[in-house]
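Two complexes are shown next, each including chain A; its partner changes from chain B in the first to chain C in the second.
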Partner chain A sequence: MSSAGNTWRGPPRAGRALPWALVTPALGWTLLFFVLPFIAMGFSSLTAHEGGGFTLVNYSQFFTNPSYWQAMVNSLQVTAIVTVVSVLLAYPFAWILAEQVPERWQRLALMLAVLPFWTSYVVRSYSWLLVLAQNGVINRVLTGSGLTSEPLQLANTRLATVTGFVHFFVMLLTLTIFANLKQLSPSYRKAAADLGAGPVRTFLHVVLPLTLPGIMVGAFLTFVLCIGDYITPQILGGNNELLMPQLVMMQIGRRGDFPLASALSIILMAVVSIAYLACARWLKIERA
Partner chain B sequence: MSIKSAAGNPLSVLKRHLHAACAATALLLAAGSLAEAADLNALIWCDHSDPALLQPFEEANNVKVNVKEFEGTGAGLAIVEQSQPGDWDVMVIDSIDVPRGVEKGLFEPLPEDKLPFADLFPQVKMDGSTVVGGKRYGITEKFGYNTIGFNKTKVDPADMQSLASLTSDKYKGKVAIYDYYLPVIGMAALAIGKKTADLTEADLPALKEELLKMKANAKLVGEVTASQTALATGEVDILVGGGEWVTAGLAKENPALDFSIPKEGAVLWSQSLAMFKDSKNKDMALKFIQYILSPEGQARLATSSCYWGMPSNTKAALTDDQKKILRFDEQPGFLARAQSYPAPNAELDKKMQDMWTEMLQAK
Partner chain C sequence: MRQFVRAVSWVYALAVYGFIFLPVVVLVLFSLQSTSFPIPPFTGPSLRWYDAVLSDARLTSALVNSLMVAVLSSAAAVTLGFLSAWGFARFVLPGSGLLRGLITLPLTVSYLIIGMGLLVLFNWAGVPKSLLAAGIGHVVINLPLCFAIIYSQMGDHQINIERAARDLGAPEWKVLLLITVPVMAPAIFAGFFLSMTFSWDEFVISFLLTRFDTTLPVEIWNLLRSGLNPKTNAVGSLVFAVSIVLVVLFELTLLRRKPA
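Up next, the complex of A and B:
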């Protein structure tokens, strides 16, 4: 903004410093707990386990060893299944919570939704193991009711890993989608109805597209937390297939091969970054 | 890795500084401010964190034992590498890995005349590993076997006298494998008639074939808790690699659990105590080692709530019931058939771990 003889030079110096002062703690936090450790991990991944020195061997191992590569494939498959199943289950939950549950009960319902987070992650995984075990609740019901003659192999499978993950992430996704649904102005639906759209059409053409950002954010969170999780596949998967976090831990246990563990972690982080970029780009295109 | 060769390497220098910074944070978080109370700082396995073991020592010597648990020698040595000299006083380590610590210049020789070496089972002294350059750096405190753990009401105990049963169709889907590659590779070696001490790279194909056969029969490959849970809950009836460390602790709740030392033998595991060269409290560290090796300390360590195992001291003050559960009287016969952990060099170790990874990924 300018006018003859009176050029606007922006806010005074003190005013310009304020945004930086406000953002500095967050920047410092990110620098200390993300950037520096990431640089350390990057350097570590470029050193040899025996003898030190610069090397790319830790990365080449990942691309040349089929069982390492398979760990990434397994991780991506499990993460994709968990994310899709969680979204499909969470959306109706969130919708019921936002649209069907009376306002005065919503607070209680939300508390119930976060209740599983109060239990230790390890305890919950072991609880699932007991539920899915050969002598567990499900198999007892199945064999007791005559639906199956022999107990089914439920524990120590990919199904068990996915079940454990979905139990955890459905609630997380429900909360993010619920928040999105609550922000949606009722006037959109009224406008759609005025224009002759039925409930299904209104949902498909108005509500769903407008809540997609919430779904995408929740799905991305699920993706990140799931692909980096060690505990659930370790306890519920029975090590019958390795996922990336387990492979990383294997390098550390006896051999203390931190360079290889760092390289595998960097690769894992690269995959997460690609997922984020795809997600961000998709949202940008949608909004445009 | 030679310290000298790494000294001038910028990556190594940076790595050391970063490790030091991380270590400072980790120590504060993990040991709960060592600076405040650091009377005796011990890097240990979970069996040493049992209050029933530590309390008598703490009360008798008016000290606080700060413990930090770790799993696997690599992780333990990494903690030491990232610590300041003098941060730690004693360490529990696989007996076969004592030379790794000595090579890094970490350990102090132990005074043999002040420790009850004469009372130890001779076969578990492991002089080949615990004595380096004529000096003793580790003393075996607990041992046992990676062998076959089983539920005797579900399997034929006679079958458990042969490792061949582990790959037989009779027990398909009834087996769990303990998730530690060295002892199970040792068991695979025994199954194909190889000595664990003589394994070379040339043996890997045959070992891999045996491991894959075991995997084909297995329902799961689990770490300590998962393996124990699987056997205890009836998810599986046999645990490959599970010995008294699995069955003894559960004996009261489930007396049907047992272990065998099959005709081909079993793999002897052995854990040692070592003292740090840079310890600031060597007198107390020695007292701690003496306590752990004493008849009382040995009994408490052997029956620790984390896992049971044989005490290395023949005079351990165990009750008759505890001795029965540990099959104390049968040890001479067991030891005669036991072979040591495979102790591969770094290159072979890496190949063995990769082979293990392949086995885990096999369908």
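Up next, the complex of A and C:
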């Protein structure tokens, strides 16, 4: 639709009403059930749970209550660890699938690599609990073989949360990085080889820089999905260490404190937006 | 050197496959457990827990609810997405870029926050928690997806076919139903299918917006309160099996379309 010649000003018989009739339902839905809730949440966050006029008490609580502040720190730490570990695990894996596996097996290999992606999200976290629990598979193997005398505390830890997240995001990132590697034209590699670069130099100076924007997009997606997720930390991390989504849900569940939950959600969203702006800027520099 | 890289690649790939499949294998294996804890040592095989799942009225009705919400909300999302994509692709509208941005905006916001917003709004407006409320939330998350997929597939090629139909005297509604919909069928199908899987698996919005009648992920969540339980394994394995069948069907239909 880029060239002006293709932009077509509608059929002559149709009045100006038709195009608006087509787009209004979708726009109305978005305004009514996405924008309006957001405004309602904004208003709610400026009221006190006990009632009364407008107040900033919910926001000031976040900055003064150390346990709330800690939840944000935990969230950022866990998300950073998950993003870095997932990228480091997924990149070599995607590279092997794209470069070492014979062409005709690649589709099958990739499909297998993302198969557990299709289990229900709740079930996937639960199945890690089976593996990591006090009497779960890993502890049975460890104590059974005499490596440890007592079962290790694996579930209800940050390690468990990170494992559950990494499991999900390795699959997601393998898909995106694989697609990136396949899109690279082989002529880049040929040119590097012609100019005398070995496979290692070609990878470091040609393949890696060219796939970097794709990795950044994948990493950003990981960041957004990870920081907003409630299920994995709740099932695998337990309540020992709270992350932001758990803190938000707690305000609704136990105390019915919608204003505070709204304020915490808005703060969480602000953090994601800042990350997005930082990321978008970085990506633009990369493309230039 | 080549040999060495190859060997290391094999070991690495197998290790990652092992990591990816470990929980799923454990899940399915211990769903066949005959005793009441899904932990080693394995005793079985037995279909006892599958029997328990299929005779559990709460779980089966949650499954029906989930399917109903997934089909209806996806149909709504794909219809709204298709109509608006057609409108934006075929007509010049003032502020088109901004309005398209508005429709795709929910893609950038996490489900938790979308669910929270709807909860606050519905609570304020006095709308009770229900499957309908959750379905409305599912349309909010899937509409931008359907719109983006269908909009990206509306090319010049289709414009010409539509133009030909108009020249031959077809009224607008006939062009839409007899030309555009069939031509765009793959994109519409892809949008519908993706929406179905997202809605089917969605937890947090349904959790916040439903009360008594609820969807399968929320019901599975409720089962988790009883700790490790082979029944949960059995439900999980069933959901997994259904998803795999859907994915394979999707792959097959796409592969069949390719040569055409």
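Here is the rule we go by: the second predicted complex is superposed on the first by the 251 of 288 C-alpha atoms of A that agree within 3 Å, B and C clash if a C-alpha of one lies under 4 Å from a C-alpha of the other, contacts with A are read in each partner's own complex, and residues count from 1 in each chain.
The rule is short, and it goes like this: a contact is a pair of C-beta atoms (placed from the backbone, for glycine too) under 8 Å apart; a residue touches a chain by one contact, two chains touch by 3 or more.
It should be emphasised that the depicted structure is a prediction, and the values quoted were computed from it without experimental measurement.
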Review point. If you stack the two complexes on chain A, which partner ends up touching A:Phe38: first (chain B), second (chain C), both, or neither?
Key: second
Practice item. Pick one for A:Phe258: touches chain B only (first), chain C only (second), both, or neither. Key: both
Exercise for review: Could you look at A:Gln70 and tell me whether it touches chain B, chain C, both or neither (first, second, both, neither)?
Suggested key: first
Exercise for review: Have a look at where A:Leu129 lands relative to chain B and chain C in the superposition and call it first, second, both or neither.
Suggested key: both
Review point. Given the superposition on chain A, which partner contacts more residues in chain A: chain B or chain C?
Key: C
Review point. Is A:Thr176 contacted by the first partner chain B, the second partner chain C, both or neither?
Key: neither
Point to revise | Contacts of A:Thr202 with chain B and chain C, given as first, second, both or neither | key: neither
Point to revise | Touched partner set for A:Val272, first chain B, second chain C, both or neither | key: second
Check your understanding: Of the two partner chains, chain B (first) and chain C (second), which one does A:Ile235 touch, if any: first, second, both, or neither?
Key -> both
Practice item. Determine, under the contact definition given at the top, whether A:Glu50 touches first (chain B), second (chain C), both, or neither. Key: first
Exercise for review: Report, in rising order, the residues of chain A that make contact with chain B in one complex and with chain C in the other.
Suggested key: 36-37, 40, 44, 126, 129-130, 133, 135, 235, 252, 258
Study note, to complete from the structure: So, in the complex, the side of chain B touching chain A is made of residues 1-2, 5-6, 9, 11-12, 14-15, 18, 22, 71-75, 77-78, 173, 179-182, 219-223, 226, 229-230, 233-235, 346, 349-350, 353-354, 356-358, 360-361
**Study point:** Residues of chain C defined as touching chain A within the complex
**Key:** 5-6, 9, 12-13, 16-17, 19-24, 26-27, 30, 37-41, 80-81, 83-84, 86-93, 99, 102-103, 105-106, 108-114, 116-121, 123-124, 136-137, 139-140, 143-144, 147, 156, 159, 166, 172, 197, 200-201, 203-204, 208, 216-217, 220-221, 224, 228, 232-233, 235-236, 239-240, 243-244, 246-247, 251
Practice item. Enumerate the contact residues on chain A facing chain C in the complex. Key: 1, 6-11, 13-14, 18-23, 25-27, 29-31, 33-38, 40-41, 44, 89, 92-93, 96-97, 100-101, 111-113, 115-116, 118-124, 126-131, 133, 135-137, 140, 167, 170-171, 224-225, 227-231, 235, 245, 248-249, 252, 258, 261-262, 265, 268-269, 272, 276
Exercise for review: Going by the contact rule at the top, pick out the chain A residues touching chain B in the complex.
Suggested key: 36-37, 40, 43-44, 46-47, 49-54, 65-68, 70-71, 126, 129-130, 133-135, 153, 155-156, 234-235, 238-242, 247, 250, 252-258
